[in-house]
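I'd like to ask some things about the structure below.
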Amino acid sequence: MSISSLLVPAILFFALGMFACIVKSDLKFPPDMHKMVVIYLLIGIGLHGGKALSTSNMADALPAVWAALGFGIGLPIIAYIILRAIGRIDPLNAAAISAHYGSVSAGTYMTAVAFLGGIGVTYEAYPVIMLAIMESPAIMIGLVLAGYSRKILGGAQKGEKGMMKHLMIEAFTNGSILLLFGSMAIGAAVSEPSYHKIEPFFETIFMGALCLFLADMGMEAGKRLSEFKAVGLFLVGFGIVMPLIGAFFGLVVGHYYLQYSVGGVTLVTVLAASCSYIAVPPAMRLAVPEANPSFYLTLSLGCTFPFNVVVGIPLYYAAAQYLAGQ
Amino acid sequence: MSISSLLVPAILFFALGMFACIVKSDLKFPPDMHKMVVIYLLIGIGLHGGKALSTSNMADALPAVWAALGFGIGLPIIAYIILRAIGRIDPLNAAAISAHYGSVSAGTYMTAVAFLGGIGVTYEAYPVIMLAIMESPAIMIGLVLAGYSRKILGGAQKGEKGMMKHLMIEAFTNGSILLLFGSMAIGAAVSEPSYHKIEPFFETIFMGALCLFLADMGMEAGKRLSEFKAVGLFLVGFGIVMPLIGAFFGLVVGHYYLQYSVGGVTLVTVLAASCSYIAVPPAMRLAVPEANPSFYLTLSLGCTFPFNVVVGIPLYYAAAQYLAGQ
Amino acid sequence: MSISSLLVPAILFFALGMFACIVKSDLKFPPDMHKMVVIYLLIGIGLHGGKALSTSNMADALPAVWAALGFGIGLPIIAYIILRAIGRIDPLNAAAISAHYGSVSAGTYMTAVAFLGGIGVTYEAYPVIMLAIMESPAIMIGLVLAGYSRKILGGAQKGEKGMMKHLMIEAFTNGSILLLFGSMAIGAAVSEPSYHKIEPFFETIFMGALCLFLADMGMEAGKRLSEFKAVGLFLVGFGIVMPLIGAFFGLVVGHYYLQYSVGGVTLVTVLAASCSYIAVPPAMRLAVPEANPSFYLTLSLGCTFPFNVVVGIPLYYAAAQYLAGQ
Amino acid sequence: MSSDVLIPLKRIEIVIDEEALGKLLGLLRTAGVRGYTFINHAGGLGSRGERRPDDYGLEEKNAVVILACEEKQAERLIMTLRPRLKEFGGMCLISDCQWVIGPAVSY
Amino acid sequence: MSSDVLIPLKRIEIVIDEEALGKLLGLLRTAGVRGYTFINHAGGLGSRGERRPDDYGLEEKNAVVILACEEKQAERLIMTLRPRLKEFGGMCLISDCQWVIGPAVSY
Amino acid sequence: MSSDVLIPLKRIEIVIDEEALGKLLGLLRTAGVRGYTFINHAGGLGSRGERRPDDYGLEEKNAVVILACEEKQAERLIMTLRPRLKEFGGMCLISDCQWVIGPAVSY
């Protein structure tokens, strides 16, 4: 893996966005443009994944589901323990932050796909299922951790049951998740010639559109840099160490349990290492209103996302290669 | 025609949008995205139509023009009689609703084009002219019917002449109609190599972009379902029966008078069966302020559009095949 | 060059937009759509330029840089003298207007590229550098001219130094300029296979997207027509004569100094003849608040841009051909 | 100005979560209100902290509702609204104003 | 607060159809108004029924105009506006307010 | 209405350049303000001429900030704001209003 493999256009556009923010450029993408691009990318990744899955053996997908649930439940608990024991972060903020790390970032996943595509590495069809599944369980665990935290703090257990049901429904009717699942179903259902009709829009121009998304994410990440001071050194460090911990479990599960190829292991690792900024923040705002949103958003958008995009993905790929003995 | 031919991606995305709305998902496309996609699709359909027309015999287009005018004038009168005689709908609401059924829905037309493309059926170049022409006459007839209704009601004939002129101008300067006519002219005017330069944008990725449009239309249709109760059983039924009546005339005119191929007859039928939700609603709001917009919007977006997209198009195609004796 | 070469789709869409505005159509593109398309086009032109430059000899680019600086400094001074001496325009408005003519219009440049592409003419890689460079110096000269004007008027020299520094920073962190430079750098940096992944989005569909941009610009230009009366006959005439003066220098510099091909000379001429409506207006609003924005915006968007797009580009091309003795 | 030009009314200004706007407007309509104006996509600070309409990752929007009505109507409205304020989030202000009599009456 | 900090003015608040905004602002400028603020994309309910800015198929938008001016100016303005209100649609409210004296005078 | 339903407060309405909004809100927060509402993307006319949010080529946007607070707080705020008004551009109005007592206190 040479340095030139890092010069994936999508990642360079991320750097350009961040640079624009750091030099205080007035560059700004319209917010609706970002939403449009995200909708487009989610449908594209869903269709592609669904198409790939339709030709795969669905029984083989089951381990991926278990792995996804395992990450979604296990990683937030690990994150919570670290935040509480080492960082002495107050329980409710710890709960809210932890939930984000059990979930995933579709943007990081797509960047990894672009990275693998750029160096011509293939991968299994199953990680996209994990992407779709992992957003939800972490939200539930976040709520459980928050309930536990409130018990420690001696606070009232006000309607946790109702909230759990409410969040369960929200998690499954969340727009992004629904779009991803729906597109996967459509990608799997349509005939080959039908798929070819929509392929130019959803596949051929996908990688270019991803550049727009990442340029904008670079600006969002750049904006959050100024909040590093308010968030504190420990949390910023956590935003870099936690993805590495997730990546460790991702590598182990991907290689030994799922036994995927180097590309597949890289994607599983990226899923474990990444951290939500779509479905989890609004859910935590609702479920844990006592937590400071600036903490989890800064960690997710300002630390973990840039770290994964710039450093993480090539690192995880190199590690997957090492494990595979290549 | 097997069941798989119904699995056109565009229609599945319509279903996905409707599903998202029914399960109360927070999925929402930015309103500007919808406008953009509509602008893009109108230009695309216009360019394509203009190109096809430029190689056709324009004298042969004349019957299509007559048919379009016939539908635009005849269908609203039929609709008005049904609404008044059977439904006992008050005259002004009847007039406003009727106007919509003499007009067309570009979205339904494009879905039909996608449907025919998906099963590899060709069609004539002329229906696109009908699409461009039919939006306007129905608005005039709507105004005439409203004037007649006001006479029945004994109301004042306040400035109907001025309104007619005003609406005539509006109908011909309406953004969507102008865009459609303009793109047709451009598609017909440009040279082959020039057209090839813009073809990747306006043709190659067209079918994919149509999916985004239909997903959004599914959500809009879904929103209107909740108003069925307020609109009443008769009108909801009318929203399904009226397209069938229009389709009957469409089939007869397309097959016997225009003598088009199965694909062409299907498109003519779709035009006759479909119902406007772009140019007519604002025109009726202006011309018949006494009518309840929730009635005609719910019928158009909540009943007739979904019915045509999901049931109508394949049905009309089957009928066209039957007529052609295939 | 036959008349059909003028039937470039992009230019026809410009005419359609203008027509829509003149007939008072309610056609309107969402403002965010325009911003999106501009962002996309700037990145596209940057990537393409960067790619072309990466295979060119960078030493050969130096004369283009000198030419760009020459235009950026020289043309505003000429414009200022004309406005003051012949038009008797007040000094501060003259300064603000002048600055616009030392700068460039990326939209005009892209239309010229579309025009050349439509008739199959190739061009050098260097003009895109000039496009990126020329936006800034004119802003500085505008400020110098404004300072000089204030001295004439006997006004206070309030903090011109601070403003100069402020504007210098603004000019280099301006979103559009940064996007253009950044994309050029990315286009030059990425490997051939990486570039191919994003080519379908940024190159293949580019010419189609340009049509959307020009349709919208046609509407913007049309809106400004109504302000011709307020702006006055002299200034409207200036908005047509000044690009011709710029074009004269462009032709001479392009042909004799830079010694480019007919295509390259055409692009250099277009750069010299065109007039900014992106970075310069906000800079002048800040630096010369006494000037009337309606003057420079009407000249730039309502006169010079349409003149260049419809008349100028083919004219400059013909002149470049004449000079080349073809 | 004379009283055939101006009518004294109450001006009510409500700020709530944008998602709750539909419910609030329904409530107003069932309470017999004949006119209101609303502005979406507002932001703010309140007892629940900041709400930013353009924040990436956590978009929280308020709606501002402005309402001119007769004093009696205003009193009735406030009594209807008060128990629901918590559910809607936000605040409600009242002040005096004068309605310029025009062709239409919608207060 | 002392009168060298605050000046009593009238606050005029107009809600009209967004398409009519250009005309109204022109009217205000010719009437010699030196300052106003407008907000587009508002919705509302009035004598002509509901107007919803985000409704699919029937997008109807209001504009809210806020204006601080001296009492005399306000009276003159209202007399100019009243006959045009029907054409513009909408409503016009007046109330008392105080302008915080700043570096610029635009009332 | 009785005083256990309504509390008299001051309503402050500020219009400034949208780019300065962040600074203004920061100022308000450090001044101890517990609630405010803002609306972006407004336009207007003032001492610096017209500002149009949708103008092509020269997009200039205002933000409208609405704030209900106690009279003392209002006085302090105005003294803090006045020297900064020039930098922010815009205007500041004060009027009387009444806060409908609800579950949350954020004035």
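Letters A, B, C, D, E and F mark the chains as written, and numbering starts fresh at 1 in each.
The definition used in the following text is that a contact is a pair of C-beta atoms (placed from the backbone, for glycine too) under 8 Å apart; a residue touches a chain by one contact, two chains touch by 3 or more.
Quick caveat: nothing in here was measured; it's all calculated off a predicted structure.
Asker: Kindly list the shared contact partners of chain D and chain E, in label order.
Answerer: F
Asker: What are the mutual neighbours of chain C and chain F in this structure?
Answerer: none
Asker: I want to compare two interfaces, A-D and D-F. Which one has more contacting C-beta pairs?
Answerer: D-F
Asker: What's the chain with its C-alpha centre farthest out from chain F?
Answerer: Greatest centre separation from chain F goes to chain B.
Asker: State, to the nearest whole Å, the distance from the C-alpha centre of chain B to the C-alpha centre of chain D.
Answerer: 39
Asker: Go ahead and note the Å separation of the Cα centroids belonging to chain C and chain D.
Answerer: 47
Asker: Would you mind listing the residues of chain F that make contact with two or more other chains?
Answerer: Answer for chain F, listing residues that touch two or more other chains: 39, 41, 48, 54, 95-96.
Asker: Which positions in chain B are in touch with at least two other chains?
Answerer: Touching at least two other chains: 32, 36, 200, 204-205.
Asker: Which chain pairs here would you call touching?
Answerer: Chain-chain contacts present: A-B, A-C, A-D, B-C, B-E, C-F, D-E, D-F, E-F.
Asker: Sort out for me which residues of chain D touch chain A in the complex.
Answerer: Those in contact with chain A are residues 48-49, 54-60.
Asker: What residues of chain F sit close enough to touch chain D in their complex?
Answerer: Spelled out, the residues of chain F in touch with chain D are 1, 5-6, 9, 11, 25, 28-29, 33-41, 66, 68, 95-107.
Asker: What residues of chain A sit close enough to touch chain C in their complex?
Answerer: 4, 7-9, 12-13, 16, 19-20, 23-30, 32-33, 36, 114, 117-118, 120, 200, 204-209, 211-212, 215
Asker: For a test of understanding, state which residues of chain F touch chain E in their complex under the given definition.
Answerer: Listed in rising order, the residues are 13, 15, 39, 41-48, 53-54, 62, 64, 75, 78, 81-82, 85-86, 89, 91-96.
Asker: Across the complex, what residues on chain B touch chain C?
Answerer: Residue positions touching the partner: 32, 35-36, 39-40, 43, 170, 172-176, 178-179, 182-183, 185-186, 189-191, 193-195, 197-202, 204-205.
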